[in-house]
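Reviewing the structure listed below.
Think of it as A, B, C, D, E and F in the order they're written, each chain with its own count starting at 1.
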Amino acid sequence: MALSNERRIGRHAIMLLLSDDSEQELATLKQSNWNGCTGKVGSMEAHKVVAAIETAAKKNGIIQPNIYRETHALYHAIIEALHGVTRGQVQLGSVHRTVGLSFAVLRGNPYENELEGDWIAVSLYGTIGAPVKGSEHEAIGLGINHI
Amino acid sequence: MALSNERRIGRHAIMLLLSDDSEQELATLKQSNWNGCTGKVGSMEAHKVVAAIETAAKKNGIIQPNIYRETHALYHAIIEALHGVTRGQVQLGSVHRTVGLSFAVLRGNPYENELEGDWIAVSLYGTIGAPVKGSEHEAIGLGINHI
Amino acid sequence: MALSNERRIGRHAIMLLLSDDSEQELATLKQSNWNGCTGKVGSMEAHKVVAAIETAAKKNGIIQPNIYRETHALYHAIIEALHGVTRGQVQLGSVHRTVGLSFAVLRGNPYENELEGDWIAVSLYGTIGAPVKGSEHEAIGLGINHI
Amino acid sequence: MALSNERRIGRHAIMLLLSDDSEQELATLKQSNWNGCTGKVGSMEAHKVVAAIETAAKKNGIIQPNIYRETHALYHAIIEALHGVTRGQVQLGSVHRTVGLSFAVLRGNPYENELEGDWIAVSLYGTIGAPVKGSEHEAIGLGINHI
Amino acid sequence: MALSNERRIGRHAIMLLLSDDSEQELATLKQSNWNGCTGKVGSMEAHKVVAAIETAAKKNGIIQPNIYRETHALYHAIIEALHGVTRGQVQLGSVHRTVGLSFAVLRGNPYENELEGDWIAVSLYGTIGAPVKGSEHEAIGLGINHI
Amino acid sequence: MALSNERRIGRHAIMLLLSDDSEQELATLKQSNWNGCTGKVGSMEAHKVVAAIETAAKKNGIIQPNIYRETHALYHAIIEALHGVTRGQVQLGSVHRTVGLSFAVLRGNPYENELEGDWIAVSLYGTIGAPVKGSEHEAIGLGINHI
């Protein structure tokens, strides 16, 4: 892959979720001009996952709430990440399954060319399964978009 | 998430791809009864990605080639992982895009109950984009199945 | 395209939605044996869009309510049009988005051969986006079926 | 097809639904080591179809309720069968349609090699259509998975 | 289900494939005004399955080749049946799998109301799997359309 | 709809395709700061449709060829427009169908807030059907993205 490890917005967004200390990771990323946040959401409804991530991204200043292009970019990144988690139909409770997810949103320029501007990555990691404790396995998703 | 870090087959399968020394990681995982392999594949054709992973898994003894249920379990895990990479249509060249991927296959029991038996995880990490150098971003996928 | 402008049922159905005076357009189309109706529907639930169009088509005599083949033809045309609006998953509120749509239903024979009989076109035009005013962009859809 | 009629788990699962005496069929299948059950479910919600089949399979001892790998195998077989019924989007009421289905679950080894172990087949047969009596046509689905 | 066994076009189309003597079945169905044909196709390319069924239906006079509405009705019934066989993506070789299928096409009126006119059913039954003998399981599909 | 007619990038992009004189339309749009181009493409391969539109957009200076974010924005707008044309699977020849399409690409700011910056619309209009002259009906698609 042409990108150096340092530039990999997706890798950073995933590592944030898999690390044991995401606070520390976020601080380190901030020093390299990556602006991000993390959170958790559990639901049988996909739209609640979308809303939780959008709210966190706005509250933490990752996207500007009043500019639709930023919400639009984030929305599509979330839906793309949900494809990785749901693997076929972007549906949860309507096909009798539930998720417990950590999420991260990360913003910055993954390319050497400054004109590429900011991109946004949404990563999801957690479990998906029947609405019964233990009847679940892991799932992961990553969506990346220009912003 | 109820699972301890140690038990997370999906997390292990992703870390294998994101680590700087997957050989070392594989050896460590082996000590905890995780049996796995890694490899690379670049293609505009999804079926070549499938074939590359199946071949690696068979050659490295992760699945038994003569038992169809093992191939069947792996196949569905691969296709699920490809959903995360392709995010909507499991298509590459036919919609004018190409991938450069690392993959890992990992086998073991992620649950405390021995009766759960073996499960298999397929992880994918790399880039997807136009068939032009640099016109690409990262993608990730994870598929998990009982075997 | 082999079809003359006059014969293009899909083009007519779209122009009905984009014109400033759909009443006038409908009257003109009627003179050329195109039978149609228009309406509006805003919702976060796809099934309400389906129901609104079916009701309008039945109330305006575009399809015969007691013959299932006509409802069947219309239903599939509606779902096809919704694919254009939703672009991937025929879902609205369940993936946290809402639509405000104009719709048209048009019936007639787009082919020179009389044996082709009646066909039906459903066109949709409006906005799709977050359930927040202004956080939306346009969307369009067209479904065509034999009836 | 290489499989003898006797070995065809999918064919058996469908015949169970189309036969006039499924009780008798089940008894005959039992003698050949096929373990199964049948039931009925009508709903506008796909998750109720999933739940009805899971409940029947557990209550009749076709799968072991406490072992997740068995629930996981059954779940994916159900969703695959629903693809045949829904043909495009695994959705019912959300796209304004309803189903009235018979279902069968069958477990056994369809292969000559004993190492293939048990597989599970889920078959669905009934009607799909508008929530209006008579406005419906038949639908069928079959999902097969290793267990 | 409201329909009598005799009226069930989908059930007839499936039984044709599962019976041991489809010739005899076709003759019996003909006496009840069901007009049909059967055939076989094996391929890694979905478009060859489509073409084989279309050719058989035209050669056997099930649809009129010169009337597009009949081809259109058949085409959508075929694609719907392929959803049941492929369960997620209407793809074969491009996701590294192949099919060996029997197919039936059946035409007639499944409803008591004469105004419902002719409908068409396409049924598929056979195996899907890796392009390796024995690495396959059964699959089934049914598509029904007004014509 | 909150947007004035003048601001509707999607409506403009569709009207360009349906008008009898797209050259004149393009010139008028240019005066209102809409920058666009049109073209034609007929193919059984979706990736050729993608490539034709990308090439036209780059050659006409609608997007900057050296900045990946612009290609990325255009690519997703094209795929979204193809969803409207293909209505279910973004596939053409692989499911035995072909398209003859006009396309338009239009760039500008559809919102009153200057900070929304440029957006891009891709519209498609033409026919889809069997690879036999006359066995086809119209199709339309629209994709809109921030750039």
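FYI, contacts are C-beta pairs under 8 Å (C-beta built on N, C-alpha and C of every residue); 3 or more make two chains touch, one makes a residue touch a chain.
Note that the structure is a prediction, hence the values are computed from the model and not measured.
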item: Superposition of chain A upon chain D: rotation angle, C-alpha, nearest 5 degrees; value: 120
item: Chain pair with more C-beta contacts, D-E versus B-E; value: D-E
item: Duplicate of the E-F contact set - from B-D, A-D or A-B, the pair where over half of the pairs recur; value: A-D
item: Taking each chain's C-alpha mean as its centre, the one farthest from chain B; value: C
item: Centroid distance [mean C-alpha coordinates] between chain F and chain B, Å; value: 36
item: Chain C-chain E separation of Cα centroids, rounded to whole Å; value: 29
item: Multi-partner residues of chain B (at least 2 other chains); value: 68, 72, 88-89, 91, 94, 111, 119, 134, 136-137
item: Complete list of chain pairs which touch one another; value: A-B, A-C, A-D, A-F, B-D, B-E, B-F, C-D, C-E, C-F, D-E, E-F
item: Chain E - residues contacting chain B, complex; value: 88-89, 91, 93-97, 129-130, 132, 134-137
item: Chain A-facing residues of chain D, complex; value: 45-47, 50-51, 54, 68, 71-72, 75, 79, 82, 89-91, 94
item: Sites on chain B touched by chain D in the complex; value: 66-69, 72-73, 76, 111, 113, 115-117, 119, 145-147
item: Partner chain D, residues of chain E touching it in the complex; value: 1-3, 8-11, 14-15, 18, 80, 83-88, 100, 110-111, 119, 121, 123, 125-127, 133-134, 136-144
